[in-house]
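Two complexes follow with chain A in common, the first pairing it with chain B and the second with chain C.
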Partner chain A sequence: MTPRVFVVDDDPAMVEAVMAVLVHDGFEVDGASDAAEALRIVLRNPPDLVVLDVNMPGLTGWEICDILRRQPRTAGLPVLFLTGRGEVADRITAMQVGGTDHLTKPFRAEDLRARARVLTGRSATKGVR
Partner chain B sequence: MTVLRVYTDLVGESARRGELPAAEHLAALSRELALMESLVGVPRPAGAAAPAPAPAAAAGRPDLVAILSTLVESYRAAHASRIRLDFVAEEPEIPVSAEPVALQRAFRNVLDNAVKYTPAGGQVRVRASVVSQHAFVVISDTGAGMSPDEQKLAFAPAWRSPSAVASGIPGRGIGLGVTKELLEQNGGKISLLSEPGHGLEVTIMFPLGREGRT
Partner chain C sequence: MKPTQRREPLRIVSREAPVEAPEIEKLRLESLLHDPVTGLTLHPFGDLKGERVANLGVIYVQLGRFAGVESLYGWELYDRILRVTAASLREDVPASPFAPGFLTMSFNGSDGVFVLFDLARRAPGKKGGTLESEAARLRLGVIRRLKQALGRSSVDLMHVHATALAVPDDPRVRPGRNVMRALAEASRLADARESGEKKSFVERLKAILSGRKLRAVFQPIVAVKTGQVLGYEALIRGPQDHELEMPDDLFAVARDGDLLLELESLCIETVFSSLPRVARGKRLFVNASSRLLTHSVFLDDRNLAEMKRAHGDVVLELSEKEVVFNYPAFREVVARLRAAGFGFAIDDAGSGYSGLESIVQLRPEYVKVAHTLVSGLQADRIKREIIGSLAALARRIDAELIAEGIEDPAELASLEDLGVPWGQGFLFGRPAARPVVLRPPAAKPARPRS
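After this line comes the complex of A and B, so read on.
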């Protein structure tokens, strides 16, 4: 079954870029640039992985992750934080709210793809395309 | 920069596989470069469709005309087969005192929604003008519009309680609250005008750059 990934970033261009990396690697990808809309979609129909920006106006990625962890259907959902924040304190916060992995912008397409494969339980034996 | 890096990686990976790069990846690279040029005031190559960058951009006052022109151009490239997108600037340049990346994010949010909610055969119009030392950008569409009740909720903080989310009550989720926050952080204001069935008109206002028009 094709793993489904949902991308959340307040910059629509970033959502498209992440989708472009993953869609050709066998993932089914969707996304949103509105944090509240994204949370509603993910809670209603949990994907296999959420790629989540941290610094968004209105509702931060940390808050979204914290909410997901409190809901039975999304408590164990893998969350990959994708953010410009690379400080140790930020990485700790990401772990405290239940983030599964953390990738700092600017990132490499190969790095994102490899993490998405691991977090969705896909082997990396196909190699990087 | 991250978006540029991602598409550069994808084009590089295609080359290593001996394949031509995907047209959409090249288009995205071109779009991001054009946007960056408009933000930092890099001269564009001769023949480029967007106007030359405003001197104001180099002075730290981003030019609304350059930013909107580039954005509308990219949306037009993606959606021209479905809807019509027009951009009219009443001044050659409109410099404002605002953070350029926040500006383009805010305008992208509004344009995303206008395009998303305009049916096939419809039109999205962007008009930029200057009135009484203020810049005005009006983005109007021919979509379904918003009821007075929806307009009241449109700028609510981008937050729904978990119970509201779990209830599955549909919302437009169009992120105008986020856009409002971004604009107000940069001295701007946003307002809505709409009647159901007659489209939505979003007006964004900024004080002109501190040094005024050049």
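After this line comes the complex of A and C, so read on.
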């Protein structure tokens, strides 16, 4: 079955860019630029991978990941943080909220594809928490 | 309510019941009210539902703040400690004679768990067991399980305390405030007990210092590919089987007793007076704080010359967090020590205090990757990512990376893949007065690559 990816970023252009990269690689991709809306969709129908921005109005990516980890249906869902925040402390926060992987913007298309492949290939993997 | 019910999910989201707008706020609130690690509530009143409790019993189990476990060992180990503690209490509370009156179990958000009972609903048939003896039983259960799970000597020093308190209801007082005061009082009692123990530990440290009873042990640092020995890190131990045998414990107590400089000076002296033969021809890594390095007694030319005489190739290891906060203050000192022939290493790199700032500022010859990052890196992409960026930075400033705490061949293989040249850990040899270098089995033959 085609792995399904859900992209969350408050910048619609970024959502589209990520979607384009992954669709090109044969993923089924959906996305949303409203964080709360995105969380609702992911909780209702968990994909095989969530690509998550951190700085967003309303809910941050860290809050979303923390909520996903607390819900039985999404507790083990791979979460790839795709963010401009690349400091070591930010990456550690990503681990602490249960993130599975971390990629810094600007990113290279092949990096994103490679990670998406690995992460969806092991979608049963638990978060690091 | 049984304590095990506290982990219950908020609501299972299903296709039939889509999560609507207000639910997101509810999930967010639930996140704020419940600790993710222990699964315990952070807000015990919610479970009391505004009811008055005629005779409230509080048992408070506190993990000592003394040793500063989280800042010493990192959040991952502390998460484990908290999980074990919460699980232990969940398992032991139902066996209590007070269990029928169990009200709630809450986490104080940092280092203590409150177990609340309605004492009037104590099991009638069950004999024995005062609230105090229950507190003691729960405490022993926590200590036993922590030792099973972690097997560290530091569990002793973590000082698990338990206090018990019965608070009769006072109708003149609002019930919420009555509970709040009971919790504050229980935690004050625990603090008082802890400070008594602190004093006795400081006394024990003083005896070690005045009797000069420290020992130095040495752990090899080797090339991960070939096993070639780069050097040895000198580590400090208290007397064998003493409660203060491990360095973290020694330093935790010293910090508390304002004895850090005394302890550190004796550490340095001990290291240089007990160098094993194998360490002489190799690089010697010695831990130092910025406090020590900037102290006039250490910086004294004669002292430096003596160290150089004892060992000609010394690398001073400075912790990442020390450098970032203190660098401007000791820039000149670093220059002077370099001129005197000392090298530098950043210790605990990537433990998250400073980003990469401290490394850029100090320009060390070596960057030591924190063992918390090394542990289990083969199964953790974010850890590998952080080590990868440390490696890139090290290349840029011409420093070499040393991975600490390698215990597992799988970790070693991952480090090799990431291009980390040097390693240290049980896999290559334990710290010992006369260290022996091991050749890990996985390091010798070339691994088949998938």
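The criterion applied here is as follows: the second predicted complex is superposed on the first by the 121 of 129 C-alpha atoms of A that agree within 3 Å, B and C clash if a C-alpha of one lies under 4 Å from a C-alpha of the other, contacts with A are read in each partner's own complex, and residues count from 1 in each chain.
Quick note on the criterion: a contact is a pair of C-beta atoms (placed from the backbone, for glycine too) under 8 Å apart; a residue touches a chain by one contact, two chains touch by 3 or more.
Here the structure is a predicted model, which means the values were calculated and not measured.
Legend: residue contacts after superposition of the two complexes on their common chain; A:His102 is shown touching chain C, with no touch to chain B.
Shared-chain residue A:Asp30: touches no atom of chain B or chain C. When both complexes are overlaid on chain A, the residue A:Ala94 reaches chain C alone and has no touch with chain B.
In the superposed model, A:Pro57 makes contact with chain B only, not with chain C. Legend: residue contacts after superposition of the two complexes on their common chain; A:Leu39 is shown touching both chain B and chain C. Judged by the touch definition given at the top, the superposed model places A:Ala17 against chain B, while chain C stays out of reach.
Legend: residue contacts after superposition of the two complexes on their common chain; A:Gln71 is shown touching both chain B and chain C.
Under the contact criterion defined above, the residues of chain A that touch both chain B in one complex and chain C in the other are 36, 39-40, 43-44, 59, 67, 70-71, 128-129. By the touch rule above, chain A contacts chain B in their complex via residues 10-14, 16-18, 20-21, 24, 32-37, 39-40, 43-44, 56-59, 67, 70-71, 84, 105-110, 112, 128-129.
Here chain A touches chain C in the complex through residues 36, 39-40, 43-45, 59, 63, 66-67, 69-73, 87-89, 91-92, 94-96, 99-102, 115, 118, 128-129, going by the rule given at the top. Those residues of chain B whose C-beta lies close enough to touch chain A in the complex are 1-3, 5-7, 9-10, 13, 17, 22, 24-25, 28, 31-32, 105, 108-109, 112, 157-160, 162, 165-166, 168, 171, 173-175, 177-178, 181-182. Per the touch definition, chain C reaches chain A in the complex via residues 9-10, 12-13, 15, 18-21, 23-24, 27-28, 30-31, 34, 36-37, 75, 79, 350, 352-356, 380-383, 385-386, 389.
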